[in-house]
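The two complexes that follow have chain A in common; it is paired with chain B in the first and with chain C in the second.
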Partner chain A sequence: MTKLNQVLILGGLIRFIIPTLLPQVVDILSSIIEISTPINSFKSLQEAFYYLNNDINLYDGGINHHPPVLVILLSFINDVGSSFVSNILFNLLYTIVDLYITLKLIALNKWYNEQWKGSTRYNDDLIASFYLFNPLLIVTNLSHSTLIFSILFIIEALNQLLVVKNLPRSMIALSIASYLSYTPLWLIIPLLSLMSNTNPNVPKAEIYGRNLGFYIMGLMLFIMSSFLINASWQFIPQVYGTIFMFNKIQPNVGLWWYLFTEMFEFFTPFYVGVFNLYSIIFVIPITLRFTNDGFFAFFLSLTWLSFTKSYPTIGDLGYVLSIIPIFKSSFLQYCKFSVIYIILLIVCLILSPIFYYCWIVLGNGNSNFFYSINLIWGVIYLFIIMDITWAKLTFDYIIDNEIKDKKQVEKLRLTQI
Partner chain B sequence: MALAETISRKIHKLGLVPKLIKLLPIVSILLAISSISWILILPLNGNYRNTYISENALMPSQVTSFFRESEWNIVRGYREEISKLENQSIEIRNNQLEKWVNDLGLVTAYHNNGKFNDTLYAIMHAPRGDDTEAMVLAIPWETSDNEYNEGGMALAIALSRYFSKMSIWSKNIIIVFVENNQFPLRSWVEAYHTSLEETAGSIEAAIVLEYGKNGDYFDYYELIYEGLNGQLPNLDLLNTVNLIGYHEGLHCAIQDTPSTELVKDTYFTRLRTLIRGIIALTLTGIKPGGGCEAFSGWQIQAFTIKARGTKGPHDVTQFGRLVDSTFRSVNNLLEKFHQSFFFYLMLSKNHFVSIGTYLPSAVLMAIAFTFSSLGTILISGLEINSFISHSAKILTIFVIIEIICFILSLTLPLIKVDISILLIILSFIPLGLKSSSSSSFKLNKTTSFGLVALSLFFISLLITALLIVHFSLALLLGLFTLPLTFLAQPKPKLKTIICLLISNPFFIISIAGQDIFLGLVTSWHDLQCWTWFVVSLGWYSAWLGVAVGTLSGDFTVQDTTKKQQ
Partner chain C sequence: MKIQLNIVLVTIFSILTVFVRGDINVVNTEEADHIISKSKHTNNWAVLVSTSRFWFNYRHMANVLSLYRTVKRLGIPDSQIILMLSDDIACNPRNAFPGTVFNNNNQAIDVYGDEVEVDYRGYEVTVENFIRLLTDRWDPDHPRSKRLLTDENSNIFIYLTGHGGNEFLKFQDAEEIGAYDIADAFEQMYEKKRYNEIFFMIDTCQANTMYERLYSPNILAVGSSKLDESSYSHHSDMDIGVAVIDRFTYYTLEFLEKIDKDSKQTMDKLFNEYTYENVHSNPGIRYDLFNRNASEVLLTDFFGNVQNVVVEDEGEEDILYITNHDERGKLVQFNQEHNKSDESYQIDFGYEDVESSQQITPMTANFIRGLGLVTGAVVVGLWFVST
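Let's turn to the complex of A and B:
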């Protein structure tokens, strides 16, 4: 058995065996606010199944924020048989999704590192381990968070574009991701840029026009079918409105909730606008600056969006961390701060639940305690974004100026690029 | 960015980084020393603050308490009757008390805790409240000094009689007659929130009353306020009772202040109170305490007051007035206690340091361990990459150690062996590893350095995790394990052994005594105090990691300067 197969089997077993033997793990993890939010929690999904089976409108009561098509498709699994069987099927589904993402990451890793001549990439088994044994992703998977599906389709969009080289399918995959959780909508910008990069022979206008068309078609198809299924437009405010307007003010690892709990209500619309704008506006300059390496621009945009989105979980950071090793042959060697943010990350992961416990259970702490850890969580993101951006710029500088001597590279001390 | 760049260039130019790496062990020790000195400078003038009432609604001692000499005879009468019950069983005593409080119009109920005698409690439903909040007055039959609590019981009945005549109460009053203030009280509090039929809403504050056979007069009162797992009652509540005591002209002792030094306020008295407070908070639940710790974990602010001395000049009704006035203050509250401090260290009854001031001390300790861990890796003279390639092995060993400790942590409370046996098994045998297993079980250099570094980093994380929830434990843990950081430098074998021995948890517990050990292992089951798990899963596993790394591996530092030449 190859090492890769070993990793895949072990990673798969962790994801399948644990929730099968200990079904309560799913319940416990999906109640932890760092791991699941109202937008992607499995509990509210189960509530939605109940509504569906009892002919109640999916969005009555304001519990469910999952898009209708996802609820319908997953309810087929839920209705298969007894709860035991459907639980096992769910475990299997989540395991398969994670394994599929792993395989696609491996393919992307091969594709990306072929670009730079004479460089080494991480072996397939390492890339798989970085994904499958990432504790943040294991808990996200075990909590059966629906976040995993939007990541699946984001990775699939990249895979279709770069490995399979089927542009329409790539667009459709991204439209599904956007349909599932709104935020990936903005990844269309770096993805289109990446498309025109990888297909230099086709005129830009044609690429942009045609693929944007595919994207909008895909999205419309899903929206319209949701309308047909649900027989009302209620899902728009409930699914997307909640994410966009931050209607459900519940603590999570992000930066939004605290401000909206403290704010006078008449300020809220303004700050909702500012926060949303802040979240998406940086995607454009990132894409413009890194047109030479569209994959990096896409990744950086994904990182930025998962940093600034309204309902982030620790899983969002987990995906970012598991994708970084793909950049081994380009800039990874110039990253300097990894030790600092790994230590910060560990401290954060320990203190965050403790502070939440002090606030909610013991009552001797308050929301400031928990939010201070959210701020550090933000600092970790900023460190990562800063570090990889600077490393990438350094790498580009070395390539552009054709510095080949390793000693010269070591001596290189850049202050601004 | 420009400034950062300039500084980083300067650092690079001067070659500070390699110099700093060489100095890491010293930096680590310096940090540990500064951590301790931070605690020592807290009692200096200017570093602490005077207590103050933060919640305006409390208004302590703003009303005249009418629990005065007129009630004295009633207290005396009840005490006379209660003293007759001393040799009776708790059941008979409870029946008598139940009759009395029923006559006053209070609802009574029993709680069976399955281990001790039943607990009687009486509820006075508030005439003006919405029946959703309550205050508790708990009176153990036996005080924490194993004395018959006749004065406390008599006061409680007389106070109930007095309370039931007033119409100002907006919070229910629960009076709990409990066998002692350890497990039975804890069990009652837990049952109140989970299974009891007769309840009276969420408990805002609780007072445990102890007035043994002091008679009619007492000298001063003692205040105990530590909760389980590092929790403390809101400082406002303590300030309230202290202010009331001040207006009554009573002296207050906290942290076992001797009666001769009640009014003394010098650096050394403050330091003594501070250090005793830290130790007491760490040992709450392990050593029998005042009883207020039974209320921990349910968002209840609680303290214990004890009467001390028999000569006077203060009389028993004044002690009752402490309770009455405190209840009147708490009765005023419209919200839960949230204003003042939940994290503080007392220096005297009216001086304290808040979390922002004392926290750096434990933070410095955590950083000292992180630096020491980094220093262990850097001083080994090995490549960082070799550590990464050995990381799986290092982690496996550490996980095995953790599993062993986990089994120990579950089995030791069941078998309750003598501490001296444990001391030999759990601390001397690992120390003997060196001679016995040199051939069969030998770690290579990278693994042993990696294991030591990981264990030290683990302690650092442990301190960080406990920093807020249980500062005292974090600080003491850091102090006790500090000798482990000295191992990073090349040292003679004997020093290694001594350093390891004095930082072993079971060695230190055995010095503290068998009672502490028994309290430690049973405290989780009886009181839900998790200190035992911190000791067994945190402290001992880290110690074992360091011991295995230093003794059964190749833990020698090559002289790097020689190598370079």
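Let's turn to the complex of A and C:
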């Protein structure tokens, strides 16, 4: 049994056995606000199943923010038998999804490091264990949050583009991901740039035009069928409008909620616009700056969008962290202060539930305690972005100036003009 | 052979279980007639008065508090109970069990406890307050919780206990109320339509004389002893040192302990408990002012607060089904359409876009599922078609 298979089996067993033996794990974890938000919580999905079975409009009541097709396709699993059987099937589904993502990550790792002629890439089993044994991701998976389906299709889009080299399929996958949650919509920009990087022979206009067309076609297919399914446009404000306009101001690991609870309603539209703009606007410069390494641009855009999301979870950081080891052969060696944000991560993970408990349950803390940890969580993202960007720029400099001498590399002191 | 017999029995039994109605609370209209009380009242009140004070009248406090507990247990809320006590027993320095009042020497129930709401305590228990309470003639600043806010659909249970005599009842060792006073108070209540029916129970010496002078209709009265007879206490508690309950109230409570909120027991069963062997006196019942037979009067008409709900015998029990389907079983949705032509000021509620369904046509679950499957199939098809 190869090491990879051992890792895969162990990771699958963790994700399958624990919720099967202890079904209350799912309920407890999906109530923890750091892990699941109102947008992607499993509980609201179960509520949506009930609405579906009882001929109630899925978006009556403002609880369900999942798109209709997801609710319908998952409701087939829910209606299989008794709740015991359907719970086991859900556990199986989430396990399979995670294992599939792992396998695709391994394939991406291989591709990326062949690109950079990397002999120093992490082994397959290490990449798999970075993903499968990441506690943030284990917890996100056990809470059955539907974030994982977006990530599945993002990774699948990358995989189809880079490994299988089937461009329309990657566009379909990305359109599924954006349909499921609004944020991957903006990843089309770095993905198109990556497409033109990996297919240098095809003229840019043709690549952009065709694939953008596929993407929009996929999106329109889903939106139209959701309109038919729901017999109204009500799903758009409920699914996407909630995320974009931040309609549900509930505490989470992100930075938006505190500011929106404190501000006057007169300013809310302005701030909604500014926050969304801040989230979106950096994707284009990142893509433009790192055209030579489209995969890095995609990853950095994904990190930025996770950082500035309206409803982030700890799983978002987990996914980002599990993709970082792919870059071992390119710039990971030049990351300077990873110890700092690892320690910050541990501090946040310990303090965040404590401060939430002090605030909500005991009542002797207030929201400032909890928000301070959210700010530190944002700082973790920022450190990651800074460190990785600087490492990438260093690596680019070394490649561009063809500095082969190791001693010279060590003496290198780069500054920004 | 044996196995076959078992199988046959099991199948017969399982077929029979189909006919077992689990929904025993659904009745049809004829059955409903038997269940619903004929009393035509819509709410129940209780006025419980202990007219004695001092330690040696422990049993009067225990009487009233036991009935208070009973009446609360059977459903009358505190807001509809007026409790008048001298309230000097529980914290009396002579009480060996401070903060408690027991009604039995087994000390099983502390009828004082934590949740007693006394409306008139101590020296507020006066004849004037009692009459004012019954007739509701107060100053405008008298608190509502201390008023008897009954209407013409109220059944009132009035219980008096203490030391009494020939047509009088002693209040707090300072004054007396006469039988004529109570009769006139009830007549005022009748004229002001402040009751549907009154059940008047009095446990004192020579109690029957107190109801002889009543002349208003719809009053059922019970007294514990007749003229020149004393009412006796039931037993004493050696640790407390005084008698803890009276006989008449003891047998009343013993009977009432057996009934619960939806009991269909009638008054005549209670009155059968009042024998000379039990209470050692001759209790009296006055029926002539009451237009119903004692065997038709439910105990819960006065002691409880029961309203029976009758479910229609036709129609679905599933509320979700009823709200979403019309009478013919067709799926309907409520469409909230804002009348845009109405240019006048429209109030825009924030929740309307989530609470009102804006569907163009109602969609059934299977159709939706079919559409979802079709979408999935189309996407999968596109996936495999694309190169």
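Note that in this section the second predicted complex is superposed on the first by the 414 of 417 C-alpha atoms of A that agree within 3 Å, B and C clash if a C-alpha of one lies under 4 Å from a C-alpha of the other, contacts with A are read in each partner's own complex, and residues count from 1 in each chain.
By our rule, a residue touches a chain if its C-beta (ideal position, glycine included) is under 8 Å from a C-beta of that chain, and two chains touch if they have at least 3 such contacts.
Quick caveat: nothing in here was measured; it's all calculated off a predicted structure.
Trainee: For the overlay on chain A, clash or fit between chain B and chain C?
Mentor: Aligned through their shared chain, the two binders clash on chain A.
Trainee: In the superposed arrangement, does A:Ile56 touch chain B (first), chain C (second), both or neither?
Mentor: Second partner only, chain C.
Trainee: Looking at A:Met1 after the superposition, I want to know if it touches chain B, chain C, both of them or none. Which is it: first, second, both, neither?
Mentor: A:Met1 sits against neither chain B nor chain C.
Trainee: A:Ala205 in the overlay: touching chain B, chain C, both, or neither? Say first, second, both or neither.
Mentor: In the superposed model, A:Ala205 contacts neither chain B nor chain C.
Trainee: Mind working out whether A:Phe369 is in touch with chain B, chain C, both or neither, as first, second, both or neither?
Mentor: first
Trainee: Touch check for A:Ile172: first (chain B), second (chain C), both, or neither?
Mentor: second
Trainee: Could you look at A:Leu21 and tell me whether it touches chain B, chain C, both or neither (first, second, both, neither)?
Mentor: In the superposed model, A:Leu21 contacts neither chain B nor chain C.
Trainee: Mind telling me which of the two, chain B or chain C, contacts the most residues of chain A?
Mentor: C
Trainee: Considering only touches as defined above, state whether A:Ile346 meets chain B (first), chain C (second), both or neither.
Mentor: After superposing on A, A:Ile346 lies in contact with chain B but is clear of chain C.
Trainee: Considering only the stretches 74-82, 110-118 or 362-370 of chain C, report the one that runs into chain B.
Mentor: Residues of chain C that run into chain B: 110-118.
Trainee: Can you list the residues of chain A that meet both chain B and chain C?
Mentor: Overlap of chain B and chain C footprints on chain A: empty.
Trainee: Of all residues in chain A, which touch chain B in the complex?
Mentor: Going by the criterion above, the answer is residues 343, 346-347, 350-351, 354-355, 357-358, 361-366, 369, 413, 415-416.
Trainee: Along chain C, where are the residues that touch chain A in the complex?
Mentor: 320, 324, 331, 333, 351, 353-355, 357-365, 368-369, 371-376, 378-379, 382-383, 386-387
Trainee: Which positions of chain A touch chain C when the two form their complex?
Mentor: So the residues of chain A touching chain C come out as 52-57, 59-62, 68-69, 71-73, 75-76, 166, 168-169, 172, 176, 214, 218, 221-222, 225, 228-234, 237-238.
Trainee: Sort out for me which residues of chain B touch chain A in the complex.
Mentor: 1-2, 5, 9, 12, 231-232, 297, 299, 336, 338, 342-343, 370, 461, 464-465, 467-469
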